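Chain nomenclature is as follows: A, B, C and D, assigned in order of appearance, with residue numbering initiated at 1 for each chain independently.
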Amino acid sequence: MTLTACAINCSLAPSGKRESSTDAMIGVLRDAFAMHDVIVGEPIRIADHDVKPGVTSDEGDGDAWPQIREQILAADILVFGTPIWMGQASSIAKRILERMDAFLSETDEQGRMPSYGKVAVAAIVGNEDGAHWATSQLFQSLNDTGWTIPAVAACYWVGEAMQSTDFKDLEKRPEKVAKTAKMVASNAAHLAKLLKDAPYPG
Amino acid sequence: MTLTACAINCSLAPSGKRESSTDAMIGVLRDAFAMHDVIVGEPIRIADHDVKPGVTSDEGDGDAWPQIREQILAADILVFGTPIWMGQASSIAKRILERMDAFLSETDEQGRMPSYGKVAVAAIVGNEDGAHWATSQLFQSLNDTGWTIPAVAACYWVGEAMQSTDFKDLEKRPEKVAKTAKMVASNAAHLAKLLKDAPYPG
Amino acid sequence: MTLTACAINCSLAPSGKRESSTDAMIGVLRDAFAMHDVIVGEPIRIADHDVKPGVTSDEGDGDAWPQIREQILAADILVFGTPIWMGQASSIAKRILERMDAFLSETDEQGRMPSYGKVAVAAIVGNEDGAHWATSQLFQSLNDTGWTIPAVAACYWVGEAMQSTDFKDLEKRPEKVAKTAKMVASNAAHLAKLLKDAPYPG
Amino acid sequence: MTLTACAINCSLAPSGKRESSTDAMIGVLRDAFAMHDVIVGEPIRIADHDVKPGVTSDEGDGDAWPQIREQILAADILVFGTPIWMGQASSIAKRILERMDAFLSETDEQGRMPSYGKVAVAAIVGNEDGAHWATSQLFQSLNDTGWTIPAVAACYWVGEAMQSTDFKDLEKRPEKVAKTAKMVASNAAHLAKLLKDAPYPG
């Protein structure tokens, strides 16, 4: 069974502006997922699209969410990438979580949200501090909206307190990050396969 | 000495769309502030303006932040209003906090950010649960960016778990909310006066 | 296959002192789990035992954790019950999470922590506000220490803001809480079965 | 006017066990406070005392909190020191916050809690990540229980993600930490003086 993963990048900057550390972290996970026959699609840079604020699945009038929502739900695994700002997940990450609020009322006849049976993992980067808090924001919200969180589902990097090094500029990928990415990918692939074979009954 | 307060409303919806519970809570605080000769300006509904994502004070090209930033910094007190979504402050609230990140590098020759000497309070509403977490997000970020937090600085309301009543639709204003608003306003007015008279030396 | 669940109650008060709302919420989940042939053991009231502060699996000298740790790891599912204080999980809940930190270095030859393949759910109660933040604390920490979080894994109740009603004193169990408990139990039972049959390969 | 500060150290380990990074960070702040004529007392190592779980000011029977509470309230400034575990403040820090919950009902005839007019700052250390989340927990809870938070009130250090260096073992004190400590101390001293001269009217 081949599985697919959809990666989203919730950087505050659109694609052209500068290289993205969040993309770099998603890349680490992509390599790890490849070892488990999971294809991670090209990251969707949310800032390139006009995702409207709101808590429905279509905020009308040019809203880019319906199409992104479709891409996310077409995959078996969500790789949720966000930078850290003010020690927390980015405002764009929060917007995506808010749009998933609609899943709560989009249940099938067994009471299952569209995200049921799919697993989510986090890819988090910052110059300094905030990965655990950002993780807590993602896992609480994603779980609330129907996602399953495999064991050890967060791959992150931050530098020393109050410093400004970017993950993308590190001379070499930290060994511990690569090791964590392997666990995240292995666990997520295993769990996604199990749930695809045997979905939650609702 | 007359003090002024700037109120921002970080609802996900723009003004015309529906009445705002966040505005209703800001109104409770406005009444309480009036008893201390603090004039709270008409709330700035952020969703009515094109505040760009980013962490500088001007993201160029139609960015509405520079003007809002000026209005916020012209006042002595910030009333930060946000609804709760997914148990957390709104994505629009987070965007405002991110824009204030720029204060960290806009210090004067004594090392003081433009927010130094100003006090911030929170006005938080939701259908259910999340006020303490939203408060923690605001106070940590606002303090980091130079704001002073007076004693008992959060006025909030949420309903019973998993319910959907809106604050704006309550038949009467809960007594405890009104009592809390009085404390918030009294403390904020007192502290803002002290700091206006005797600014942080840096 | 019959599954077992271990429930812990992180109330600040020991058993004799007063009836526990956290126990009442665990009871709601126990009823829901019973419909899926999952036996939830008598809740372990942590405050009755001398769990020492620390981050190892045995802090020596009368430490009650080693035995509780064993009971937790003997079950397939963890029902983590905590009251809310100051809008957050209790200090006793935090202590339990800290003790699980040791799992990170107790991996087998495939790099798997003792919690791998086990699922965790949350039972959270408070007079008012805090369930989402407490959930975020639990899910982030539990996931970090190897637990898997099934879809919709938190069952909670809080009353209206600034009120003091206890869950245990409600005249009737809120319908939404019972409905949520059913989802939590169904999802947890399903996922625990899958992982018991097919453990993470590491 | 000479001001006094009470420092608490919420390390999980008692004094004899090992040198404390939290103490080291409190020391950095003590040096900074000395430049503003604020005397920071010897840190109270909470783990050396039997502070009982609970939310009253005296949990009876050997409870060490009443005396510590008195020392804290005798000072003008609270330096709240905590290590980071699981990306959050320690369980012992949480216990202290819970004990302060009692302040809410210990108001004087003007409705002022015993903490009114006192300022609190944070001293936070960890091997890696968690300072912002721990700060948010402290500031939300401390503010709720009547403490005032001066501008830039958190002094912290954490190392690179997933590393294990201790603050106390750093060869030299990071320049940015020293600079932050100076701001924290200057702002806290200034604000504490203002509030001592002109208390909140309630």
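Convention: a residue touches a chain if its C-beta (ideal position, glycine included) is under 8 Å from a C-beta of that chain, and two chains touch if they have at least 3 such contacts.
This is a predicted model, so every value here is computed, not measured.
A.B. asks: Which pair, B-C or A-C, has more C-beta contacts?
C.D. replies: A-C
A.B. asks: Look at all chain centres (mean of CA atoms) and spot the one farthest from the centre of chain D.
C.D. replies: Chain A.
A.B. asks: What whole-Å value do you get for the distance between chain A and chain B if each is reduced to the mean of its CA atoms?
C.D. replies: Spacing between the chain centres: roughly 29 Å.
A.B. asks: Once you find the CA centre of chain B and the CA centre of chain C, what distance in Å lies between them?
C.D. replies: About 35 Å separates the centre of chain B from that of chain C.
A.B. asks: Roughly how many whole angstrom separate the Cα centroids of chain A and chain C?
C.D. replies: It comes to 25 Å between the two C-alpha centres.
A.B. asks: At least two other chains touched by the same residue of chain A: list those residues.
C.D. replies: Within chain A, the residues that touch at least two other chains are 86-88, 132, 135-137, 140, 144.
A.B. asks: Please give the residue numbers of chain B that touch chain C in the complex, ascending.
C.D. replies: Touching chain C: residues 86-88, 128-133, 135-136, 156-163, 174, 176-177, 180 of chain B.
A.B. asks: Okay, in this complex, where on chain A does chain B touch?
C.D. replies: Its residues touching chain B are 12-13, 47, 53-55, 85-88, 90-92, 94-95, 97-98, 101, 137, 140-141, 144-145.
A.B. asks: Can you list the residues on chain D that touch chain B in the complex?
C.D. replies: Contacts found on chain D: 111, 113, 115-117, 132, 135-137, 139-140, 143-144, 146-154, 183, 186-187, 190-191, 194-195, 198, 200-202.
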